[in-house]
Amino acid sequence: MTNGNNYYANGNEVQLFEQAYRQRLPVMLTGPTGCGKTRLVEHMGTLLGRPVVTISCHDDLTSSDLVGRFIVTGGDVTWTDGPLTRAVKAGAICYLDEVVEARHDSLAVLHSLTDHRRTLYLDRAGEVVHAPETFMLVASYNPAYRSSLKELKPSFRQRFVTLPMRYLPPEREAEVIVAEAGIGLPTARRLVRCATAIRTADEAFHFEPPSTRVLVTAALLVAAGASELEAAQACVLAPLSSDGAIAEGLREVAAASLADADNSNPHR
Amino acid sequence: MTNGNNYYANGNEVQLFEQAYRQRLPVMLTGPTGCGKTRLVEHMGTLLGRPVVTISCHDDLTSSDLVGRFIVTGGDVTWTDGPLTRAVKAGAICYLDEVVEARHDSLAVLHSLTDHRRTLYLDRAGEVVHAPETFMLVASYNPAYRSSLKELKPSFRQRFVTLPMRYLPPEREAEVIVAEAGIGLPTARRLVRCATAIRTADEAFHFEPPSTRVLVTAALLVAAGASELEAAQACVLAPLSSDGAIAEGLREVAAASLADADNSNPHR
Amino acid sequence: MTNGNNYYANGNEVQLFEQAYRQRLPVMLTGPTGCGKTRLVEHMGTLLGRPVVTISCHDDLTSSDLVGRFIVTGGDVTWTDGPLTRAVKAGAICYLDEVVEARHDSLAVLHSLTDHRRTLYLDRAGEVVHAPETFMLVASYNPAYRSSLKELKPSFRQRFVTLPMRYLPPEREAEVIVAEAGIGLPTARRLVRCATAIRTADEAFHFEPPSTRVLVTAALLVAAGASELEAAQACVLAPLSSDGAIAEGLREVAAASLADADNSNPHR
Amino acid sequence: MTNGNNYYANGNEVQLFEQAYRQRLPVMLTGPTGCGKTRLVEHMGTLLGRPVVTISCHDDLTSSDLVGRFIVTGGDVTWTDGPLTRAVKAGAICYLDEVVEARHDSLAVLHSLTDHRRTLYLDRAGEVVHAPETFMLVASYNPAYRSSLKELKPSFRQRFVTLPMRYLPPEREAEVIVAEAGIGLPTARRLVRCATAIRTADEAFHFEPPSTRVLVTAALLVAAGASELEAAQACVLAPLSSDGAIAEGLREVAAASLADADNSNPHR
Amino acid sequence: MTNGNNYYANGNEVQLFEQAYRQRLPVMLTGPTGCGKTRLVEHMGTLLGRPVVTISCHDDLTSSDLVGRFIVTGGDVTWTDGPLTRAVKAGAICYLDEVVEARHDSLAVLHSLTDHRRTLYLDRAGEVVHAPETFMLVASYNPAYRSSLKELKPSFRQRFVTLPMRYLPPEREAEVIVAEAGIGLPTARRLVRCATAIRTADEAFHFEPPSTRVLVTAALLVAAGASELEAAQACVLAPLSSDGAIAEGLREVAAASLADADNSNPHR
Amino acid sequence: MTNGNNYYANGNEVQLFEQAYRQRLPVMLTGPTGCGKTRLVEHMGTLLGRPVVTISCHDDLTSSDLVGRFIVTGGDVTWTDGPLTRAVKAGAICYLDEVVEARHDSLAVLHSLTDHRRTLYLDRAGEVVHAPETFMLVASYNPAYRSSLKELKPSFRQRFVTLPMRYLPPEREAEVIVAEAGIGLPTARRLVRCATAIRTADEAFHFEPPSTRVLVTAALLVAAGASELEAAQACVLAPLSSDGAIAEGLREVAAASLADADNSNPHR
């Protein structure tokens, strides 16, 4: 397994991200699971020479978890900055992963950071923090989640420059798999063909399509000695659905895609 | 990017706001996202020579967050004023942004401040604060949020002088964009034309229409080197909807509005 | 603006309130927003020579907020009376404003105060407080709130002498407006005519009708220089509804009512 | 107003209550609001020579509120018995008023007190309290509350000897009113006639019928100078319903019942 | 009243309980209210010479209530075992009464105690407790509760040897009543006949049928001087239902069952 | 009863688990109750020479329960690692049993552990823990739970190599029962035949089918002296359903399966 920190560009997202950074505008990345949102942020951090502070959003994330809280140590009560406040003070790129999962009231503290004020008000600490020029706020969410009960408020979405992300084209994706998992190109191509077939079927079945990440995972299993079919079953098909009928259909799609592999391990 | 603190009047709102201030009446600003509510409050603070204390309302805002609480420091328990109490004591303009988001029980502390008593009762601290003449309470909310589950109680709304706000007329809006983003008037006009087309379509689609703010953001991206279409895509269209069919329709509307731009960057 | 503490009687409510006080019976005031419930209580406090302790009820009001709680100060834990306990001990009039908003479990502490026992049991403090003869409990609620999910339990309502309150007759209401806002009688009459027209329309539209309070507010804006139509728009019409179609109809009603005003400010 | 502690028997409830006490069985009193449940308990306390500990049940009553909790005083943590534990230890009658309102999990601590064990387990304090022979548990609830979402579990109800309570017969009820409020018998009879008419109408209207308590309250207002119609309006009719149509019908019922009163105050 | 600790066997439940104990398997008792589940556990504790630790389950029972928690005493924080931990360490029979009422997350701590591990993991205390050979876990629940919203998870139920319990056959039940309440056999038989008639009717009416316990309670009232009809009304019929129509039908069933009693007290 | 730690392989799950371990990929085990998921994890721990840290997931499991929290001891506040953090630092196999039961926000802390970062961010402690090569995350869940309201998010499922588990084939299962419970093969075969019949009927009835575990439990009861029918009733049938009609049908299926046993205990 390689170090996994490489980013593979797929359009004008690097250019627009940098222009937003220059104009001190916040950015929202949208797109399906595993299409590279997190890696783009890490890549831009390296490119722009800024540290990245990542915050995984969830239902229970309070605004105190973001900005900080008073903590009792010894007999004293001292204020401790949260990751957002630390990122603002450090002029870092603050990345809110899956922001739609956060409690919406927690997001209210972001308002003054995402408009012309670029300021963080720490009401409880009685402190006002002006963001340095290099601070940038980036958020991500997956709009394809049709089953999600939550939605970002339009007024919140309008605060961001929005960059829609997509899967790589097949040949590029296969190259990425080869680079990441160290397997041969023919195996990588068959895995991509299998994923593409399922992504097309997704229109009808409404499950989350397989990401580049699961293809790399499958390739890693192949590199470890599994057959292509075993690897595709365990990494690509099994996570998709627990509904028997659909699972059966998917297995046929996969088998057809991998048909020209001899299912002894071609990599060993 | 300019300092962004300018306000562009759009009717009799400045005059009525000042008359309410002179009669010591609270004001409620209503209108769509980004039509200038926050900027009006900042502008009136400057005009009337009063500081503005802004409180972003959300689901989790307790009355203690507004009026204050007892805090343990060292071994002692001392009362700490919240932002509302600080604003009352300072005779400031207290601005409750998106007040409809607040828990309604938190709003009960406002009753005695918004009628002839103009008094804040701090039950827990056992203190009664009479507002000085210069104190003013301002709230805002967006009635166009048809999807909101919450509504302000009529008895609460009747406590305020209500000033409905609207978008600027197109030519004024274009001038604002030029002033804020430093781009040429033809580009600004095309962006406004694009927004106006979408705002009209809004009747049918029920999404939040694009604000003046997103047009300024798009203009800033153009100023940074993006083409008009790239900028409109990232700032105006992408935040509107994640529904594919609607997105396609909007893209055509945008492309037509920007048709006479050569989509190399006219600003560079 | 006058001091706003005047009360304008509208039936036998003052006499019945006083008889209930003499027999040591609790009183419930019912009626629409702004018809004078709070002012009646303040008036009776003055008339009977008793202080008034007002408690604004809301969803989050616990019985501890009413009766008191243990508070840590320094290293000790001491009991602190809540406003209800303070009112009982002082033999004051305790006024529970909008009692229907309170959590019903919080109201259970009132049972022993509202029957022949006239006693407050402080279970946590282990104290029993017998109300002095001058203690009186008064509550208010607005039964016209058809949209309210909550209702007072019948067994709770039966513990009170119930006094239904109504708006003043038009000519009396106009006199009140003149006295409160210092404007001319013709303007006051036109504002009352406008309110009466809307209150009649209320049957069909189910919004909260405009109170005497909003008419006084509108009159104050006129006194500050606004035209009658501007004032009626901002204070009477705008708070009523955010539904476009209804708003349009109301505007016509208002314009007709104010038709014989020259809409330059007649008061200046 | 008399001291209000008298009890007026209405069947075999006193005898059965005493038999249950002799056999050390818990008792459940059921019946409509104000039919005398609380007074029976107070009466039996006097008759059996036992103190009565009353606990008003509500949604927020925890088992800790019943049995006790650890409290920090100075630097130490000491256990403090709750009212139920105090009642068990004192061999008192413990009266759980409106037990159906309590959280059902809070009632689990009663199980071992209401079967052959007659024992209270204080799990957190690590203490086991055996009830003395004179301890008795009494609960009440109002099964006529058709709108209640909560119901007592059958297994809980089966732990009690159940005594259903009813209103007094009219002539007895009138005598009670005379004794309690000090008014003349003709007025008392007319008030009872008015209540009986409404209680009959209750079948159709499903509101909580007026209790003996509200008739005594009305009589007290008459004794203070109100007319019979004023008193009946404020104490009997107004608390019943806020629905206009029903209110109108009730007013006619009341007026007819009181028709032979001269509505100047016959008591003065 | 006898001491009430006798158990009356009703099938092979004693034998299977003992076999499960010998194989160190947990047991689940199911059956209607008052059919003897609790008494079987107490009986087996005596038979096997093990102490019984009873835990009444309810909605608010946390896993900390079961296993223990850190408690602050003086200035120190010390771990205090909960009743489950105490039972495991003592090798006792731990009886979870009405386990279906517990929060399901609280039951997760039981998993490792109910499979081959027979181990309690105290994650917060960082302690692992291996159950001694004599430790046994017993739970009970009432599957006839058709109205219950909660259900035990199948995977949880499969962890137990399940012993379904039933009412005693009529003649045995009458003997139990005689032994427990000290009344004559004819009265006991009539009370059982009354209960049997109602239990049969239960099929149609869906209420919880009367238990042996309520028959003993009724017999105790008869022993104290009540007539059989009075006792059956107060103990058997009144707790069943508050629905008037059903109550009427049940009264006829009861009266017919008790018809050959002279309803003066045959016991006195 | 044997020590119960044996694992009986049923496909390529051991090989794929090991390949995932070698590539440092997390694994998800799916399948019905009692098919051996927990035992596979224990088996692989032994095989790979790594300790296993098991966490039973439930509704109330917070991320603090996983990663750790600040605890007050004496007068100081010290950070205490949770079981997940301990597992990461020890390079252990961390097993999240029934992961679908956990609150989804608690699972967010796993994201950075399950992708190329293999890092645990302890935001509150301000610590970053990089997992050693031997650390492995394993989760399990039962997709056959059709009644479950919760579902794992697809993006979460795609982070794992998924290994579907099934029941053993009948002859293998009978051998396991013989080995675990020490009974004869004919009895074991009859119990398996009984289970297989019910598992087939499961398609129609939608209850959780009986696991190998309950067959071992039944066999243990037989070994202790119960008849096969008694044991099958108590361990296999009774936990399945409390619906009378279904129970009757199942009893017939069981009796037929066990028909050739003489129902005196063949094992004694």
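Structural remarks
In order of appearance the chains are A, B, C, D, E and F, and numbering begins at 1 in each one.
Following the convention adopted for this analysis, contacts are C-beta pairs under 8 Å (C-beta built on N, C-alpha and C of every residue); 3 or more make two chains touch, one makes a residue touch a chain.
Treat the numbers as computed from the prediction; the structure is a model and nothing was measured.
In terms of the stated touch criterion, chain E and chain F have no partners in common. A separation of 53 Å divides the Cα centre of chain B from that of chain F. Chain centres here are Cα averages; for chain A and chain D they lie 61 Å apart. Multi-chain contact residues of chain D, defined as those touching 2 or more other chains: 72, 75. Chain-to-chain contact here is organised cyclically: the chains close a single ring, every chain touching exactly two others. In the cyclic arrangement of chains, the order starting from chain E and heading towards chain F is E, F, A, B, C, D. Per the touch definition, chain A reaches chain B in the complex via residues 12, 15-16, 19-20, 22-25, 28, 30, 62-63, 70, 72, 75-77, 103-109, 111-112, 115-116, 121, 123, 143-144, 154-155, 157-164.
Those residues of chain C that touch chain B in the complex are listed here as 1, 3-5, 33-34, 38, 54-61, 65, 71-75, 82-83, 97-98, 101, 142, 207-208, 210-211, 213-214, 217, 220-221, 223-226, 230, 234-235, 238-240, 242.
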